[in-house]
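Alright, structures below, take your time with them.
What follows is a pair of complexes built around chain A, which joins chain B in one and chain C in the other.
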Partner chain A sequence: MSDRAFKLVLSWGSGIVLVALVGAFVIAAPTTFATPDNARNILSQAAPGALVAFGETIALIVGEFDISVGYVASLCGVLFTGFMVNQHFGFTEAVLLTLAVAGSLGLISGLVVTRLGVNALVGTLGVGIMALGLNYLYGGGATIAGPTPNIVSQIGYGRSFGIPNVVLIWLALAVVLWLFSEGTVTGIHSRAVGGNQQSARLASIKVRQLKTLAFVMSALLAACGGMLISAQLGSGEPTAGDGYLLDAFAAGFLGSGFYRAGEFSIPGTVVGVLILQVGYTGLAVLGQPTALRYLFEGLILIFALALSSVVRRMRASR
Partner chain B sequence: MKRLFRPRWVLGVAAVAVASLVVGACGSSPSGTTAKKTVGVVVFVSTNTFDRTVAKGIEDEATKAGWNYKELDSGGSIANVNSNIENLVTAKVDAIIIITASSSSLTAGLAQAKAAGIPVISQDGGLADGVIGDLANVNDTSAGAVIDQMISDMKGKGQLLALTYTPGAPCKLRDDLLLSKLQQYPGIHMTRFELPDNNMVQAAQTATNAWLTAHPASAGDTMAIWGCYDDPALGGTAAAAAANRTVLGYGYNGGPNALQAMQKGQFQATEYFDPTQIGQNAWKLLSDALAAGSSWQPKVVPGPYILVTKDTLSSFLASHPDALNG
Partner chain C sequence: MSEPSLLQLSGVSKHFGGVIALRPLDLEVAQGEILAIAGSNGAGKSTLLRIMCGAESSDTGRILFEGIEKHHWDIASTRKLGIEVVHQGLALVGQLSPIENLFLGREFTLGSDRTPFLAHRRMERRGQDLLREVGVRLKNIHEKTEDLSGGQRQAIAIVRAIGWGKRLVILDEPTAALGIAESAHVNDVIRSLRERGLGVVLVSHRLDQIIELADRAVVLRNGVLVGHLEGSAIKAGPLAELITGEHAGQVA
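== the complex of A and B ==
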């Protein structure tokens, strides 16, 4: 393969997949898929999953996994709504309290992994199941619904400048997180930890602290995803966030084929999230059978992991 | 900061973004509809036999009426139900029917459907803004009949394992009613087990084995398993049968598996809802609403049910010969 083509695949592979996917659905459903309304829907529906995926990406950047993100998102969706409906807190208090709970869970994940030396897969799974328990402890497994401040519905399905507010939120967070991970010392050091932990330690980078911070940020972002779900649904659903874990992984790994070849990044995750959502929405708009959706999910997960592996090997070989 | 704006990748991002926006934004949004109308059906979880049969009932009626049929599975996720409603709005369907998902949790999707002028019917989800009709097959009367039968069979005392699933609206209603009624019967000692989202039957079997271990046969208690629908209750009674324990079984939906278990003596009562009939009723409710036009008022239509017990099973099967086949 020529150098030019090689660089194209390394840097833009996932972007090319996204454009190809969009193109395929446009051809298959020109009057329904290729509309501004559908574009808004895709971006809106991607919002909660994107935030959860950003959290997972932060953990992946430092070389760890966070299995708790889905459960934390579910718990925080319930708490956010419950604090307003049951405890009659205002919107700001509900958000801060929910983030405090999520941050605590993230801190536990971080300490379990960095101080106790527990494998992140197992440690964060344990924290996730704890989050599930807290979920049932608070809400009893029931949906929490009731009057909430207007700002919640405004966030959930309101628009600003014709763009859904949830879209503005997740894109704004994408920019902030990208600037953090690329333009700050902490972000750059985090990438160094993920690249080579030993070298980072030898370079006096605070590996444990950065990993703990990553788990806290992951949980906070999962909480934001959970709160967005609740705003969109108009209620706190106890299981609403559970299904976002695999998509978060898939988006993160798909993103390694974009922008920073072979590495996890926020811009890459944005593309990964869009690939997934375009696929799901396209299949739904075409009315395709359920089986196809699950096949797509499975294939995309395999593709994402394979792409990441191939790109890393290609980089190492040149 | 300078390295953040390397020209090549910025151009690449811009190219991807522009390409996506262009293909996404262009393309017409024709106001005209095809000759055939389309009904979109959102199923909460298509692995549930009952829900699948309801959907089939709707599909058959829609096809007979000359409509196209489009079905989307939500995989048990209420967030997916919401997304599926939005996707059906995008697909420009002419009507939407939601099977077994609480309407109060579908605010964003229902708002889009209402804004697009697409009528929405709910089956057992309740009325909400944007829902023009609800088929309430699950209500206090229907839910209470099985509970009353169980309490009568237990003679008001014994050990009860209640298999619940609070996130599900029908299950929540039945569970709340069970808790309320059991307050009158302190002699019935209840162990509640909350079913997980997946592998409910296996979870029910595990819970049953643990419960049986905690309550040995030597105690001489009347033992009963109540499920908020048939499948987990049947899992529990099967586990009890495998452990050679006598346990009364109760559930809802009256599917073939429950009726067969009743024939074998492993199940005592269930509530039969004809899922095909429910599908037909959902279509009729939609048709009535469309025919009424602007004069239609949102309403709840209670659905019929039949309490089937081991004593009435024979006569039930005589009048419903297809019930064993599903």
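== the complex of A and C ==
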């Protein structure tokens, strides 16, 4: 394969997979899959997972892992709803307080990894379990439901310009985070840290601070994902966010086969998120049992990790 | 030394755990001179280099810049003083483009550097100027640095140091990955730095390069500064003897 063709495949690989997947489902279920309603459905369902995936991507970009994102999302969904239903806080207060909790957990992750030198896999798992503990401490493991300010249902079910608000939220965040990653000093320094920590340090980049910031951002985005889940469900479910961890990883790694081959990126993660959601929705539309969804998720995760590894090795050998 | 002193190390030493990397030594680099540091692997050259550029702290001694003692000596402060380094490993980030590497840690930003947003076009223009000045030709400046050849990567690292170096440029094996013609070109560039009044520290395995370029040469052996040669005294024989610690007649 020529160099140019090789680079093309690397940069567009996952995009091609997405298009192929969409094409396959359109062919398999032309009347039920290929509808505007279904497209809206796919994009709406993708929203919370996308936010959690963006958080994970920020951590991956600086060369770390954040295992706490699922638990943090669950905790924050519960807190967000609970603050309004139990403590009768307004929407804004509930959001800010929830973000404050998430931010603190992210800060702990950052300090544990950068100051205590604990491996991120273990450190963030610990923080995640702390989040789980806080979750059950606050809500006792029960679903929290009750009257909440109108804006919550507007976000969860409402539309603007014919597009579901949750979709506008996650796409807007995608753009903002992409601009941050590409267009700011912090963004490029984060990429440098993830690419070669030693070189970054020699360029007087503050590696520890950047990594800590990444963990804080990851937690905040996971919190946003959790709050979005609650808005969509209309209640605070204690385990609603747990499953998003694996999807977040899958999306991030699938994304490394798109946009910047071999590197994690926000646009790449967007494609990864869509691949997953198209898969899940497509299987559901075809009436396949839920078990198949898990099979698909597992296979895609392995495929995504293998793809990333293969890409890296192919680049290295060229 | 006729030229004013630029960087002065006095009684500087370094150990790592039980290993002594550098015994207390004195070293001085002046403006407008090329100081070569020679020595075999493990002699302590890298450690000395890292202390000089602030990547490593010394255990003892003082560091003076232009005669003033500096108590805070790290990479950020040495960069501000106009000290630049071409590291042996190049210290580039492969995933980034040559331009991004050239400006890493000192990016131009919009709004006269008052906003956090990158001024991509300004950096691109300046970067291309720098590359052209040193005669580096790249087919695609947006390519990832890891996709360039070894020689091109080395050239980027050299351009970076020269572009930002205003007072002192430290080069660690700068022509290791280069061919004859390119090496000769780099030697010319190093000489031009001296002509411009910068101080140059050159760490090199290549005795021919040291003999050709250096005004003064010091030799490290097992962490000790064992010799100092000047001008016409810098010859292969004396250098080799100091590096190996064996007299010419003893080499079997």
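Following the convention adopted for this analysis, the second predicted complex is superposed on the first by the 315 of 318 C-alpha atoms of A that agree within 3 Å, B and C clash if a C-alpha of one lies under 4 Å from a C-alpha of the other, contacts with A are read in each partner's own complex, and residues count from 1 in each chain.
Assume contacts are C-beta pairs under 8 Å (C-beta built on N, C-alpha and C of every residue); 3 or more make two chains touch, one makes a residue touch a chain.
No experiment lies behind these values; they were computed from the predicted model shown.
Engineer: Would you mind checking whether chain B and chain C clash or fit side by side on chain A after the superposition?
Structural biologist: Verdict on chain A: chain B and chain C fit.
Engineer: Looking at the overlay, does A:263 come into contact with chain B only (first), chain C only (second), both, or neither?
Structural biologist: The second partner, chain C, only.
Engineer: Pick one for A:191: touches chain B only (first), chain C only (second), both, or neither.
Structural biologist: Touch status of A:191: second partner only.
Engineer: Which partner does A:242 reach: the first (chain B), the second (chain C), both, or neither?
Structural biologist: Only chain B; A:242 stays clear of chain C.
Engineer: Take the Cα centre of chain A as the vertex and report the angle out to the centres of chain B and chain C, nearest 10 degrees.
Structural biologist: 150
Engineer: Mind working out whether A:234 is in touch with chain B, chain C, both or neither, as first, second, both or neither?
Structural biologist: first
Engineer: Contacts for A:34 in the overlay, against chain B (first) and chain C (second): which applies, first, second, both or neither?
Structural biologist: first
Engineer: Who contacts more of chain A, chain B or chain C?
Structural biologist: In the superposed model, B touches more residues of chain A.
Engineer: Is A:203 touching the first partner chain B, the second partner chain C, both, or neither of them?
Structural biologist: Only chain C; A:203 stays clear of chain B.
Engineer: Determine, under the contact definition given at the top, whether A:183 touches first (chain B), second (chain C), both, or neither.
Structural biologist: A:183: touches chain B and chain C.
Engineer: So after superposition, what is the minimum Cα distance from chain B to chain C, given in Å?
Structural biologist: So the smallest C-alpha gap separating chain B from chain C comes to 5 Å.
Engineer: Let me check the overlay on chain A: which residues of chain A are in contact with chain B and also with chain C?
Structural biologist: In the superposed arrangement, which is not itself an observed complex, chain A uses residues 183 for both chain B and chain C.
Engineer: Chain B touches which residues of chain A in the complex?
Structural biologist: 11-12, 15, 18-19, 22-23, 26, 29-39, 41-42, 44-45, 48, 136, 140-143, 145, 153, 156-157, 179, 182-183, 229, 232-235, 237-243, 259, 267, 271, 274, 280-281, 284-287, 289-290, 293
Engineer: Spell out the part of chain C that touches chain A in their complex, as residue ranges.
Structural biologist: It is residues 55, 74-76, 79, 85, 87, 89-96, 100, 104-105, 107, 109, 116-118, 120, 146-147 of chain C that touch chain A.
Engineer: In the complex, go through chain B and note every residue touching chain A.
Structural biologist: It comes out as residues 1, 4, 8-9, 12-13, 15-16, 19-21, 23-30, 40, 46, 70-73, 75-80, 82-84, 86-92, 102, 104-108, 111-112, 165-167, 169, 172, 194, 197.
Engineer: Note which residues of chain A are touching chain C in the complex, please.
Structural biologist: 183-189, 191-192, 194-196, 198-205, 260, 262-263, 315, 318
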